[in-house]
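The following pair of complexes shares a single chain, chain A, combined with chain B in the former and chain C in the latter.
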Partner chain A sequence: MNGPSPSSRVTLATEELSRWYGQVIGVNDVTVSITPGVTGLLGLNGAGKSTLFKVMAGQLTPSKGVVRVLGHDLFRHRGLFRRIGFVAEADALYESMTGREMLVYLTRLQGFSRAEARRRADAALERTHLSDDADRTVRGYSKGMRQKIKLAQALAHDPEVFFLDEPFNGMDPVSRREAMELVVRLGEEGKTVLVSSHILHEVEAMTSRILLMHRGRILAEGDIGEIRDAVERHPHRIEIRCDQPRALAPRFIEMEEVQGVRVESEKILLVESDLPREVFRRLPHLALDASLGIHSWTTLDDDLKSLFEYLVEDGR
Partner chain B sequence: MPIYDQGYARWEGSLRRRPLRWWPIVRRNFPAELRRRRTLLLLMLAWAAVLVQGVILYGDLRAGGLLRSSGLLKGGMLYFYQAVNHQGPFVLLFVLLSGTELISRDRRYQALQIYFSRPLTRNDYILGKLGIVAAFVFLVSWLPVLVLWLFAVIVSTQPGYLASVWMAPLSLTVYCAVWSLAAGLLILALSSLARRSAIIAVSWVLLYGLLVIRGVTTLVASLTHWPYWGALDLDRNVKQVGAWFFGVDGPLDYSPLWSLVIVAAVVVGCYLILRRRIRPVEVAL
Partner chain C sequence: MSAVDPAQGTVVGGSRPDAPDRVLPVVQTVGLVYGAAVLELVRRKRLVFLGLALLLPLLLTVVWRIYGMDHLDATRFFANLGGMIYLKALVYLVSLFYGVPAVHDEIEGHTLVYLFTRPLSKMAIFVGRLLAVQTVAGLLLAASLAVCFLLMIVGNTAAIDLEFIEVYTNYFLVVLLAVFCYTAVFALMGTAFKKPLVWGVLYIFAWETSVSVIPARLQMWTLEWHLRNLILHQQDVAASLNRFVLQFLSVDYAMPWWGSLAILLAALSIFTLAGGWVFSRKEYLLG
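Right, the complex of A and B next:
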């Protein structure tokens, strides 16, 4: 029997993983397998993604089940942590050290000599664009720089598996783009990167592979396009702000793609469509009609919450 | 598909843990504390105290043991036991200064998850933190008294002097190790339980058996004629164990074996607290 190709081989897996806190279940019977590349872990607040993340990264022991990293039970081989890079969601930093000092210290804890730790720390600072600020104390770092130093400490020992828990929180747009490019590059280099977020488009920019969590379970797993297709079956809601919603409503009613139209207020019209692209195509033309006074339009369903609502609805 | 049907990208490298994982913790934090001005000042005072002892000893050895024969200065092993005990206030001060924030700070900064996302075990972490406290205990007690011993051996013209004190370095080392273990683990356990430094420091002083506790236990023991009240005074039990190593009489009126049991119980208790309290992620139920 032929084995799977190296790129499809599982580097990170859970088997019937559960974690509960007293009476509360954080993660419920989760079995997933992840191959090299970037995988997004998505979930609303309270979905259990932080708990799953912490258990998979070896920060919390599971109440039941197994976590396998590179084929080994993580909780039986402490040495496996040498192969793991972890970015915590919380600001776990030493405020009184400089960025470089902290990085050298944390790299030394991986078992490297001082000289090697310095070399690796410098390389990681370079990679995260922090070299210029490396000798400032962490206390004076902005939120974005703190996120970068957290990324740098996860990179410095060149691990094979990365756990990045909300790594872009608080970053300015430029830093965010740089950090996202770095994550994509890690995936391209053959590293396994599990990155959690509650922002769908952020994850979409890095990968098409996602795990969707809801109430402690994996709600959907796989290609983001497939999951989006499932959502396409549901009508999207488009909110249009205009001066004459009652005059605008008939223009949409005549469209085949529109399932419903509702005047929400004197200035807002709500359009429901299973093909929102068609509505968006038509909107600029309508906006040219000055008598309608269209100011803006926005889709109400392009957020993760809606995606979850649809998927949960589908599952019923 | 069940995941066990799939192939794993199995890592074939060594999974064995490397020894001395805890060393970088000591190596980074001990010099950092040592560089502080207040630490250097106290260290100079601690060493000055031993220097004074050295001068007195030198004078006595030159004067043919005048102070010893008059009973003003103890001789033999007792001299070195007392010399190390004279460093006691400095030892306690350094344990407080170096140990109070060692774990509470990590908990405050949520740094425990940084440590435990590395191939460190809880024992490595505890050992690293204890190493910092122990380094200070050895720096203000073991090292200066060892130098004093060397000095005494070199300048002594008394025949048989070396033969009478040759065991002192070994006794000193074991005594300081027990001292570091008891005082260090107690401050670490308290540091893992509380976050405010003042609370940790006051609790340590009380539990280590100083000030009020010492006064009360001494008074009650003398009133009741029952020496075992001294069991509540950890500091004197440590000193009793030390006296045993030096082969001299200790401060308590019961067997040093009891003191050893008490010290061991405190050490085990503190270790168990540390094992329980040190977790990468704190779960509040």
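Right, the complex of A and C next:
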């Protein structure tokens, strides 16, 4: 799982990339190779995702190492920015401009004529469902609309490589779904999309390829299924809500894949298993036994924090 | 406007649109950044605030028209107004409030990230924004001076003589040159310092206005000294100036006016280039 992804066409790569702020290390010796499609950059808050994004997108110079975009060193070729679309995490916009003015301006700065920039801005507004609000000043936009206009400015010049830093923050569920579908479509169109998030299921909904970042380092890289399999080598805790936890406990004790069972309360049974998928497979059958009164079950370890804890533990 | 690719749309320039070394031409970058910045500046509340401040000389002119014309002729009144109100107060105020935010607004507002992720020369971005603030600041002061002129001469055409036109034109040009120079100084501070407004105020009071009246050669290192040296008063006009104004307009050391003009133009160029140089090299922590 560690090391670069096998690929015939690497569009985005870093080599031994490090960035530190004085004594503080933001990104530590990161080497990755990313191919077209959507790649999720996952990490808890403070993991170094934004610093890595800023360095990879040419906003911060690396203290050490190289960033290659489409085979070229980004810090030696500013012209590469024509082929990059960047959505920053910060909520920064040209407040006094209308949405359309802002997009036309930023697209013209990519070298397009006024008419072409206008056409592209309109297309990007359409794609991000902002056409109806295009002539309102950005100052009056909701948080979700502000995120969309940030996406639109990254799309308008039709770049090949996208850096999207927490692009769904503040979006309502409908906008979030639309934006996630847009990201998936970009990947399907052959664009290279690196999207960061601290929400696991958000990334899973767009891609199976992830980079896991922890304390400035890439902890794991590859298919999310492979990473999950690695995680599943560790005992998972499954919380089962039922009417008869004491009656249910023996049914799990006899399973080979179960390492431990504990009655947490009158209504909760906690099961520890190193093969949680097998337990989940059997649970529906047990739920059919009305005498056990099983209401629901959930894994307590399926969040990002647990994933990191397992991986960190695994690396020791 | 040469390379046209149907798939890419109309792009400007001669080489391949995706060439990694190809940044937007400097003149085009300056023009685009300038246009957007002017639009942004005229929509700011700052314009209203400074516009109100620029009503002060107009108010004084009205007072002069009503009460002062018998005591002070137009030339002498305007020489006092130009020296005391425009050069000693309004030029500093307008330059500070437009020069400091020239690029600092983009840094503080984190919108700089949009410009830094475009294929643009950073020097061109700086120059475009500086030219925009200089245009707006210059137009504000020019408009105030023009209205002042009209208030002085409407129904008072007898006030217009060659001496008045000379003094007025002299102050008009010196005020514009002053605002261009000071905005470049303050824009440099906006790129280099975290609290440029504080540094700007310090610069005005601790350097320009203080050092420029110290009776030693040190005063020649201030811009204000050279601006004063460009004020070409006739002896009798100078003699009529308010003592306070005279104190600030007197020049202790001799230098021909064109020497000061050359120094001011050189200073304008140096501060502009220095601002662009700092802006191009300094790393800003943007969102």
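Keep in mind that, in the parts below, the second predicted complex is superposed on the first by the 254 of 316 C-alpha atoms of A that agree within 3 Å, B and C clash if a C-alpha of one lies under 4 Å from a C-alpha of the other, contacts with A are read in each partner's own complex, and residues count from 1 in each chain.
The working rule: a contact is a pair of C-beta atoms (placed from the backbone, for glycine too) under 8 Å apart; a residue touches a chain by one contact, two chains touch by 3 or more.
Keep in mind that what you see is a predicted model, and the values were worked out from it rather than measured.
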- So, on chain A, is it clash or fit between chain B and chain C? clash
- Task: Considering only touches as defined above, state whether A:Arg146 meets chain B (first), chain C (second), both or neither.
- Result: neither
- Message: Looking at A:Arg68 after the superposition, I want to know if it touches chain B, chain C, both of them or none. Which is it: first, second, both, neither?
- Response: first
- With the two complexes superposed on chain A, say which partner A:Lys49 touches: chain B (first), chain C (second), both, or neither. neither
- Query: So, A:Val10: does it touch chain B (first), chain C (second), both, or neither?
  - Reply: first
- Message: So in the superposed three-chain picture, is A:Arg176 touching just chain B, just chain C, both, or none of them (first/second/both/neither)?
- Response: neither
- Query: Taking the superposition as given, does A:Ser33 touch the first partner, chain B, the second, chain C, both, or neither?
  - Reply: first
- Of the two partner chains, chain B (first) and chain C (second), which one does A:Ala88 touch, if any: first, second, both, or neither? both
- For A:Gly111, decide between first (touching chain B), second (touching chain C), both and neither. both
- If you stack the two complexes on chain A, which partner ends up touching A:Arg119: first (chain B), second (chain C), both, or neither? second
- Residue overlap on chain A between the chain B contact set and the chain C contact set? 54, 57-60, 70, 72, 77-84, 86, 88, 90-95, 105-106, 108-111, 153
- Task: Would you tell me which residues of chain C are touching chain A in their complex?
- Result: 1, 8-13, 17-24, 28-29, 32-33, 36, 39-40, 43-44, 109-111, 113-121, 283, 285-287
- Item | List of chain B residues in touch with chain A within their complex | 2-4, 6-11, 13-18, 21, 24-25, 27-28, 109-121, 280-281, 283, 285
- Using the touch rule from the top, collect the residues of chain A that touch chain C in their complex. 54, 57-61, 70, 72, 77-84, 86, 88-97, 101, 105-106, 108-113, 115-116, 119-120, 153, 158
- Item | For the chain A and chain B complex, residues of the former touching the latter | 3-4, 6, 9-11, 13-15, 21-22, 31-33, 35-36, 54, 57-60, 68, 70-72, 77-84, 86, 88, 90-95, 105-106, 108-111, 153, 160
